[in-house]
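Shared between the two complexes below is chain A, which pairs with chain B and chain C, respectively.
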Partner chain A sequence: MAVNWAQVFFNSAITGSLYLIGAVGLTLTYGLSGFPNFAHAEFITLGAYIAYSVAAQFGLGPPLALVVAFLCTGIVGFLCYRGVFQVLAKRGATIIHLMVASIALGFVLRYSIGAAWGWEPLYFATVWPTSSLWSRHDIGSIAVTNLWLWLIFAAVALAVTMHFVLVKTKIGKAIRATSSNPELALASGINIQRVIWITWFLGAGLAAIAGVFRGADTRIWPMTGWDMILPMFAVVILGGIGNFYGAIAAAFIVGLAENVGVVALTAMGLSSTYRIGIAFLILIITLILKPQGLAMLFRRG
Partner chain B sequence: MVKKLLLVLAIIGLLIPLGACGPAPVEPETIKIGCLLDTTGGLGPMGVRILDGARLAVDEINAAGGVLGKQVELVEEDGNTDAATGFDGVKKMVEINGVQVIAGPMITGASLLSIPYASEHKIPLITPSATGIPLSEMEGTEWYFRTCLRDDAQGLVLADVIMDKGYNKLATMVLDNTYGKGLETAIIEGLNALGWEGEQVVSIHYAEAALDYRTELQQIKDANPDAVFASTYCDDGIIVFKQASDLGLDGMAWLGCDGNYGSGLFEDPKSAEFMEKAIVAGTRTVGAGDVYEHFKAAYQDKYGEAPQVYCDTMYDAVWAAAKAIEAAGVYDGEAIRVALTGLEFDGATGPIAFNELGDRTAGTFEIWNVVEDPTTETGYVNAEIEIITWSMEE
Partner chain C sequence: MDPLLYVLDLIVFIGIFGILALSLNLEFGFAGLANFGKVAFFLIGAYTYALLSQIGVPFYLCLIAGATLSAAFGLLISLPALRLRADYLAIAILTFGEILRLIVKSESWIAGGDWGISVSPAIAISGGSHRVDVLVNIGLVYFCLLICFVIAQLLANSPYGRVMRAVREDEVAAEALGKNRARYKAQVLMLGSAMAGIAGGLYAQYLQYVLPGMFMPMVTFTVWIMVLLGGPANNWGAVLGAVLVTLFDRGTNIAKDYLTLPIDPSNLQYILFGALIILVLLYRPQGLLKESPIKTKALESVKRERSVVKGKGS
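The block that comes next holds the complex of A and B.
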């Protein structure tokens, strides 16, 4: 059987793009605040539901719905940090306390979402029935849909924009400074608190965008984000915690490993359920061999 | 240190459920029939409708005077399409509600966990929809009855369809669980028994929650089969069909089964369109005869839609439980089980009798496909192609 590798690589790009958009906020907040925010999964879910709701209620198209989801979820992300984690951190909470609190917050958000919107899956195709997102083409031997192309475009645009923000802008430099040495950043007159707030806002907003893409590609239900959390953590760990460039490389490595993994698993007559095991494996191997992840490749000097 | 340890032990002690010594009411006010269906999770849309079938049966039983002179009460638990949650529901009903017979569990996974428990606590289970063959091979299967037909029955019918249509290169895209893999095995064994000369070119066992099936489906496309057999549930089936459509697999002939029968699959327009175009035949068990006509009309009347897959077997399961309690004369699990083994009556799904394994001895299947129907909410509907009678002697 001849495997259509072009399609497999393209599928890997789709998977990787989704993981990248979802994991950027996770890695940046992890780096800045010093704990893994498990409730990040719920920002993904919430973003999808907000976009769906404004599309259903006010007839917003995909671009506007995406902007509303970004802003609303960003604010929720900021409020979660300001209302829960900052308060806990001020009282001397350790990484364990903060992590457990984030798991608890995730549960609260997930089941609130379930109570508000119900557990029956929702489909974006029902609110945007005539959208050009759904049309498909064949480019050579590769089957694509506009949605998949937009997803990959969004990931590339995100990578480029974030690069310029981090390198050229004041806030970007402040984020990097705070991430690598908070005391020194504070001493240099950087308002650390504000940097962290902005990062939480951005991170949650980007998670919302991932949620809208995932929702449009599959379906929306209260577990949408949670279903993706494991590969996203693999991306964060492999890329190096808090390292944006590492996350870009890691997202596409995990995407490639999963999709090539499916080809290999099928050839061996195994279930493709184990594709999630590939993300696990990457996570464990990185932790054992190079806990700092790919970050070492992107460190200067 | 010792104090701390004692505290921890005390907390653990509090957490251990005092279930084993739960109440077993001798003279209940009502006759309770347990009902374990998956009204949320992957099979949620299907489970909600099956529950309607159970409620209809209870209403009719009560209207006819109830059982043992008392009204019947349906104790409802949700299994969330998850084996462990379903098993918890069974335990809760037995230990807290004191039920002596349960209609359910709906899925094979929850049944696997529940059968040893049911046999230990002497509670007969009657599933409307768990079709896995291994369930009849377990210890304690004499406590497990089914009003649906086993996978091997459906697999044989599907094998017949494949032989009839002359497909020689078969691909399978099945759920990675006892249901999906059981059906796949039954089809291949059925085909081999019929002297099939074709081959299975690719076999995909996919995860229900992955939702990214592009590379799996691409493997099928690359193998270029004559037909693809898909055993899916509802929510994951939508994603499989949607992505199959995007990847251009709609030119192949697809075969469905009871798991992807029903209007739930048409919630996403792309999935509905794909099924209308690609699915040449699917199977499911159906009812036939006067009782079925009565059931269908009553269900339509009460819920405003036609009964879907397994609504009729659930209706029969609740009726079987009620008739067995009446025949037993006492509300006691052991007596109910004995009564079930000798039970014979005309249900919505035809004549109901159980063999020594608790399985149906005969039944009918429908071959269906999907057609457009502008009068429905989604614009699509399942249509009957033909009805096939199956019995164990064959």
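The block that comes next holds the complex of A and C.
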């Protein structure tokens, strides 16, 4: 069977965009708070459900639903940090305790979502049946939907905006300063606590946007976030923990590897459910060769 | 269901999870390793047992093979991640467990895929009732639990155990004293994985089937709750945690048949588990039982001398 390589590369861009939007918050909170937040998966899921609910209840269109999901999930992310992780860190919890707490919090959120919305998958197509998101075009040999174009646009817009925020604005500089040396940042008069709060809010909000796109592309169910979290950890570690520019490169590398990998798996007659194995391979290779990830390419970041 | 059988079944589960809790306690409690993929080694033990018993290998060899293979995988996964920080090991090992589950799920030629395969019991007594079968299982499981407990207890109070704690408290200091931290961690992970492999084998032969759905990440975190609740670095605590969490799990299972709750009890059970971990970490991070103190002859004689000096002074 001939492989449509143009489609494979386009799909890689879609996967990469999705991972980028989802992983930005993960890598920034990881860098600032010093532990991987496994409950980030649930921020993704929660965002998708919130967007679905406000669309179903109040008839909001995709842009407004996205904004509501961003804000609500951002607040939940802030509350999770403020209510659990900050308290634990203040009591001298080790990194292992923080990781276990984040998994536990993930369980609480995931099964609360399951209790509130049920475990049957939901589809955005049912709340936005007439939306132009679903219309398909054929550009050359590539099948494209408007949703995918919006997803790539969102990722590019995020990358550009975040670049300007990190380089030009006060809060962005504060985030970078706190990430690289918290004591020095504190001594320079930066309110570290507030920087961390804002990062958690932003990170969870962005995760929600990734969740809405993922939900619109496939389906929404309580495991939506968990299905994405492991490749996103590969992105974070390959990109270098806390490194935004590294995460951009890594998201598209993982996206490309997954899509090319699925072609290879199909050629070998293996199940495409192994695509998660490709992310695992990238993770292990990074840990063996360069545990600090691509960060060394972006020293200034 | 026969109430006596229900109690006996509960006792078997406590034994199997007690072994798992002891193994995680070695890794996390004593050596400070964040094994977020305990279920992977449980799975290896269970599937090894199931596949070998199908071709007629005697049960003790199946258990030993499961433990060995599990230990080998423990070593393999530790190689890239152990020299690094705790969080890398956690992420790598968690992913490893998910992939193993996916492999046995999608490769149906290995062990029946989603549907799993059936496993014959270890010791079949002809003409025995179901109760007798369970009693035999209790004997087998608790024999293994006892061996694991004795090993864990001996290790904890040996020079080796003190090195483990030293590595946990301060890797650099331990290394400066000439202790190869990576080697100690790899050995602990191998031993812990071997124990988890035995627990997996016992689990498979007791339930008499294996299927991928039995090895969800939740199993790992059930064991984490046991160790955190009971008291890390205390083997009695690990066993106590296994008893309490299994009872809690069964209790909520029974309660859901008799209570009408506004939310689905199976969701509620996981929410409570998660909340329990967070509460324990917040309010009692040392667990119910405190870390067992280090016992050595030298320390004891120092204590004796001190009390003698005190006696003279007064």
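Note that in this section the second predicted complex is superposed on the first by the 298 of 301 C-alpha atoms of A that agree within 3 Å, B and C clash if a C-alpha of one lies under 4 Å from a C-alpha of the other, contacts with A are read in each partner's own complex, and residues count from 1 in each chain.
Methods note: a contact is a pair of C-beta atoms (placed from the backbone, for glycine too) under 8 Å apart; a residue touches a chain by one contact, two chains touch by 3 or more.
Model, not experiment: these values are computed from the prediction.
J.: Using the overlay on chain A, decide if chain B and chain C clash or can fit next to each other.
T.: Once chain A is superposed (C-alpha atoms), there is a clash between chain B and chain C.
J.: Which partner does A:271 contact after superposing on A: first (chain B), second (chain C), both, neither?
T.: A:271 sits against chain B and chain C alike.
J.: Between chain B (first) and chain C (second), which does A:11 come into contact with in this model arrangement: first, second, both, or neither?
T.: first
J.: Answer with first, second, both or neither: which of chain B and chain C does A:219 touch in the superposed model?
T.: first
J.: Kindly classify A:3 by the partners it touches after superposition: chain B alone (first), chain C alone (second), both, or neither?
T.: Touch partner of A:3: chain B, not chain C.
J.: If we overlay the two complexes on their shared chain A, which of chain B and chain C does A:283 touch? Say first, second, both or neither.
T.: Touch status of A:283: second partner only.
J.: When the two structures are overlaid on chain A, which partner does A:227 contact: first (chain B), second (chain C), both, or neither?
T.: It touches chain B, and chain C stays clear.
J.: Touching A:57 in the superposition: chain B (first), chain C (second), both, neither?
T.: Touch status of A:57: no partner.
J.: Is A:130 touching the first partner chain B, the second partner chain C, both, or neither of them?
T.: Neither: A:130 stays clear of chain B and chain C.
J.: After superposing on chain A, check 39-47, 57-65, 111-119 or 291-299 and name the one in chain B that bumps into chain C.
T.: So the stretch of chain B that bumps into chain C is 111-119.
J.: Common interface residues of chain A with chain B and chain C?
T.: On chain A, the residues that contact chain B in one structure and chain C in the other are 271, 273, 276.
J.: Mind listing the chain B positions that touch chain A in their complex?
T.: Listed in rising order, the residues of chain B that touch chain A are 40-41, 44-45, 176, 201-207, 209-212, 214-216, 218-219, 221-223, 235, 238-239, 242, 245-248, 267-270.
J.: Looking at the complex, which residues from chain A come into contact with chain B?
T.: For this pair, the touching residues of chain A are 1-4, 7-8, 11, 14-15, 119-121, 123, 125-126, 129, 134, 136, 138, 143, 145, 148, 217-219, 221, 223, 227, 258-259, 262-263, 266, 269-273, 275-276.
J.: Considering the complex alone, what residue numbers of chain A touch chain C?
T.: 35-36, 84, 87-88, 91, 93-97, 99-101, 103-108, 110-112, 114-115, 230, 233, 237, 271, 273-274, 276-277, 279-280, 283-284, 287-288, 291
J.: In the complex of these two chains, what residues of chain C are touching chain A?
T.: Residue list for chain C touching chain A: 28, 32, 34, 36, 80-81, 84-88, 90-92, 94-96, 98-99, 102-103, 105-107, 218, 221, 224, 228, 263-264, 267-268, 270-271, 273-278, 281-282, 285.
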